[in-house]
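Look at the two complexes coming up: chain A is in both, with chain B in one and chain C in the other.
Here is the complex of A and B:
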């Protein structure tokens, strides 16, 4: 028990240490990233076996050809789809594509590497150079703008997966080669990162980029994207951090390693920082895996079975012409006139959070833009940019999530032109926002109850009439007075009134207005209630 | 001359070996010679002396003239290759490696055909001039991807672990000793 308690306290102190890491200017952090990204090509890199999109659900060794398991006599044939995907990424990062690149063998022995070597691009990679721009405006870094430069992009094959067991001391490794030979792109950055925010922003941005380009799921959790960190402080030797399964591991490992090295430097114990080493992340600390003495000699050699990739110039121009607009450009477009979205809303329309089955950001963005366009046509100006934003991104999406109706389905009954008409009713005060919420939810709920089958377009004026949802524009002053007096009698006492009238508790007025809205089912405007309450209670502020 | 003939022969072998033929066809650079009509023609072709084994293998070089790789290097190579150090005939391996190195060095010195601008040392077995891939070709190739069940590319068309000496629940099994304790 005592032992447990002691361990617990140790773990806690480590966690606290990571949380409270302070980056000090006298210990300058220099960091670079190596990111492996699985390409979601239809088939694998050097065979045509299936590159499965659901690796966690697959039967082991189900998607393996003779080549993937390295049966003697099999040879690689390049899947050209990987070239197109690599080209897309290179162009979006402004990298210089090598018109002639080649594949090389990197030798090492491991159970999940059946060939005894991995085919990669060592001597002539697919592309070199390029950059990712991070900005305070879009990425929340401290600097106004910062470029992270890229060393190179190389295409290579993934290994199989090892599952370690130690049941009954019969220690064996179970090997699944479904992942063997899936195409990867390894991206290496220069050591341009000088703080954690930049690392975080880069990973998020790169992850969104590969999703935006439809070349990878970009998921860290499934291993579709794997990040290694190179780190050094004050010019000491580089330490490579591996086994970082998610963003928090990456961040915590950097913080821990920074702290560890700062302590060594401040104590003058820098011997261990003179030679590069590789360290792994245990979840709470970094541990040494390899140092220079045990560095693997990979014995690189050009692969004698694969021809050079020899690209014609029109591959670059053809791909460039078919490229989608990039996320940063889309974000800036959405944050400027006429849309004027907040950063958060622009991100909802640009970033694929990959967590929502009801919509994807691309479909949502195109729905938003079309509806905005239709709405602008109806009202003839752009002064109400907030109306489409609030009603589509917040109300409409909220309803879809609540009712579990996919956007693609909901669009059948609420195409952009109809939603724009609905917005016009709100804009012209034909219905109040409260009535609008009721109406929108009613329409979607009805659609859901039909099993999303009844795709007839709702007749908005008819529904408003049927449920008496139209706003009461000509409010009878006497009736309003009676309603307000009833509310005051039911919900207030002397102290409440005193504090409200004196201005000590101004928010109480909002409470009364809220009650009024509730009783009138939102059909009377809030401003009418506010005016009447002030009149009755003789509020002077 | 050397490289052309070599590729030519590999391709003939490919006709016999289905897998080899399938793979080589995709390199796009291998030359296809006239079709052989009978076994006699094949025998004649293969018996035609093109180069002497001894000339390249270093068997005509005095063993004493060979430069032996140092013991340290041999041990390192054994470790890298996952081979046991215990009981290894280091001297024998040194001699074998020396002969292989002599062979490789000879290969590197052979003039390369169409080798304008190519150092002998940089020559490769693969064709030096590969087909230029244009955008249309890439798009077409992506559109017409086809899986071949004969080489196991169709998921579930064969049992990958069927040839393994040991498997468990569909996984290959690797004993710990193979991964660790290799030094």
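Here is the complex of A and C:
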């Protein structure tokens, strides 16, 4: 194994909260991002090795081919899937895809760099330009709207990984080449960020985009997405920040570095800010990794054996035509008529929250949209957007989580048309919401008890009849009178009645109605109770 | 089954020749089991030691790959094995193919068997052992590699045939890269019919090699083929014939007379860019070499310094100090050419000049070039005749003395062979007289290998 001295201690100190950073207008922050995203292609960029989806669980050096370990005589063969993925991302960002791009070699020695160079795109990158729009409405930034412009996107190889272990006497480096040659896209933005909220929003948005396009897991934790930051204050030289494993590191490193530079500037000690440098994040502070004098010349060379990527115009236009709708468009569509979802609900249907096994957002969205459509057909108008939203996104999902029934399974017994019919029963007051909840839960629980095997469609009218869940539309006035009188006798006193009748405490009526609903198990409509109580107590307001 | 049965010579002779001429880096006497009814059944071959083999070590004649054994066979080796060929051994070479004398090997120089070994004459390189194995009749043919003349020069000095096919026809998968925009697998043999058969076996598209000529383009070349007789043959003005030894001129003019008598037409032709060939070659090839040789860090295979991985802050410097002097020279030159300051002035310019050279070749040939989309000049030439070497073989001592004065002295030797490498043209060096180290190259347009082979066959 490779042995060499370390440049600085790798021991990670505990992340400390940087609380005191105050962004001051007289010290203007200018920030750009460089994001490396691993593409989740089936195979690696230039070999047939599997591109593992579970990097943390793998045996070291398991996913390697002769090419990945740079055996003599091996050659790179380009994986076209990576080109396809890069094209999707470029089009989503409105970047100009270059009809001809090329691969170049970037040379430097390192234990986890088996060829002694990395194949990247230096002279002619895959795509140039483009932008990401951030808005107050969707992304919660302070500005109404802000564009972050993109310099370029390039395709390149990932390197292997070095693991440093401390033996008592010497320092040993272990090299794992599973990651070597996994396709990466490096995206470089212009230094358009002027505050931390924008940086956070951009990262979140970009992460969601690559997930939406199914081109990357977008996870920072596994290293599938890695963010470097460059930053400068008041036009001093730019400092690049590396080794930022998660969002909080990114944010804290920017805060720390901002604070550090502001202090230097305010003390007039700006000598060290005249030359660009690269700094690493230790978890609590930034430390200098290298400056201009120690920067190595990468000796970029066009790769002599990989052909140019020549794209026909119809390939790009064909891809553009088959592109999925983008998250922002979906969000806006869901938040407008007829759906009128809240930002929060729209996000549930648009973004991969990544923490739920029972459904994914795409399946849920199409279930929602189809059900909505079926429901609209049944009732002939769009007026009741709230009903499908509440019942699908809240009630139904809640039940699935409670019962641990996956959406894909539940759809077998509750296809959109059936759920729409269920909604119609609620809409027409055929069943009360309380009964609806009981009925929905019963259906799903029953299905679960069959081991999710019995996928016969439930007969809603039969079940309603069987459990006497029908709303009582034809309420016997005398019975209702008795019920209301009982409630008044049990739950009120003189003061209560006085305040209620005088209108001093109108909410008391709601309390009484609530009691009524409870005792009738929701089968008698609230308005019936309200009318009857007013009549009995002779309420005039 | 022991290979002896198939050896054209007794084993004793093999070891005699090996100790005299230093031909092989490793020898195998296990025979190929594929033996019936294959196109090359019972043929014996040697493989240059920069082409990987599973059964024998692959060292590139370099300390850096000491004891390296590849876990896979190069495509060309695989194809030969499948065709029934017995592989006798791996042949000596200039380290990583860098050199034209055959002297830069950790195993010592190859000595030219055309001369008594006491004279210590150079074989020419870098496929020095490959040529020597053929000269000695130890094998029916040898596989070499040709980057700037490495098959043709030793073939010329051994008075045998040395064929560098069009770039991309023979797979490079498993050929250890020196400068892969130029590296080409070549065939050395005494007989044109053997050369043809071997070429036929190896001339296949290989998906594992990104520079392999694909089936579509092969089909296009096939379609462009037309029977031509007589041939229009060009003599290129820019190749300075005056500097050649007088013995060459005699043989050369009788050769040209023979061609005229056969009814061919001979024309003088100008390719001005030929004069740029050496500067282009010595800008691009060392740059590619420096890049390709970056992988030899000792971590995964090959030699590794037992104590240190870092010296003066440079990773792997102790291990990489084991490269030979010529390889080190080229790595330094190559890295200089790639430095951000020099890149635009050197590398980019050289690439442009290379394109100009190819354009000029396209303009004089009748056959279309499928790579450049040149339609071919209807009035153009079918082949060119170009001397192979500006010099006769010299003693190893003289060669090394010249080189120690200036490495450029040995680079000049490539002047006649490099232009065809830069353009990827099919070129066959053939001797002008039996057992005489004087040869000419027959050059065809890109892809038109069969015209070159047909022509040489028609002369035998």
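Note that the second predicted complex is superposed on the first by the 454 of 541 C-alpha atoms of A that agree within 3 Å, B and C clash if a C-alpha of one lies under 4 Å from a C-alpha of the other, contacts with A are read in each partner's own complex, and residues count from 1 in each chain.
Here is the rule we go by: contacts are C-beta pairs under 8 Å (C-beta built on N, C-alpha and C of every residue); 3 or more make two chains touch, one makes a residue touch a chain.
Given the structure is predicted, the values throughout are model-derived calculations rather than measurements.
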| item | value |
| --- | --- |
| Combined model on chain A where chain B meets chain C, clash or fit | clash |
| Which of chain B and chain C A:467 touches, first, second, both or neither | neither |
| Touched partner set for A:315, first chain B, second chain C, both or neither | first |
| Larger contact residue set on chain A - chain B or chain C | B |
| Touching partner for A:110 - first (chain B), second (chain C), both, neither | both |
| Partner chain(s) touched by A:70 [first = chain B, second = chain C, both, neither] | second |
| Chain B versus chain C as contact partner of A:300, first or second or both or neither | second |
| Overlapping segment of chain C (options 3-11, 273-281 or 291-299) - the one that collides with chain B in the superposed model | 273-281 |
| Chain B/chain C common contact set on chain A | 66, 69, 71, 73-78, 107, 109-111, 175, 297, 299, 302, 304-307 |
| Contacting residues of chain B [partner chain A, same complex] | 17, 19-20, 23-24, 26-29, 76, 80-82, 124-127, 130-139, 141-142, 145-148, 151-156, 160-161, 163, 168-176, 178-179, 182 |
| Chain A residues touching chain C - in the complex, by the definition given at the top | 1-5, 66, 69-78, 105, 107, 109-111, 114-117, 175, 297-302, 304-307 |
| List of chain C residues in touch with chain A within their complex | 51-52, 58, 60, 65, 68, 70-72, 74, 172-177, 179-181, 207-211, 287-288, 290-291, 293-297, 299-301, 309-310, 314-316, 335, 338-340, 343, 347, 351 |
| Residue ranges of chain A touching chain B (in the complex, touch as defined) | 42-43, 47-50, 52, 59-69, 71, 73-81, 83-84, 107, 109-111, 162-163, 171-177, 297, 299, 302, 304-312, 314-315, 317-319 |
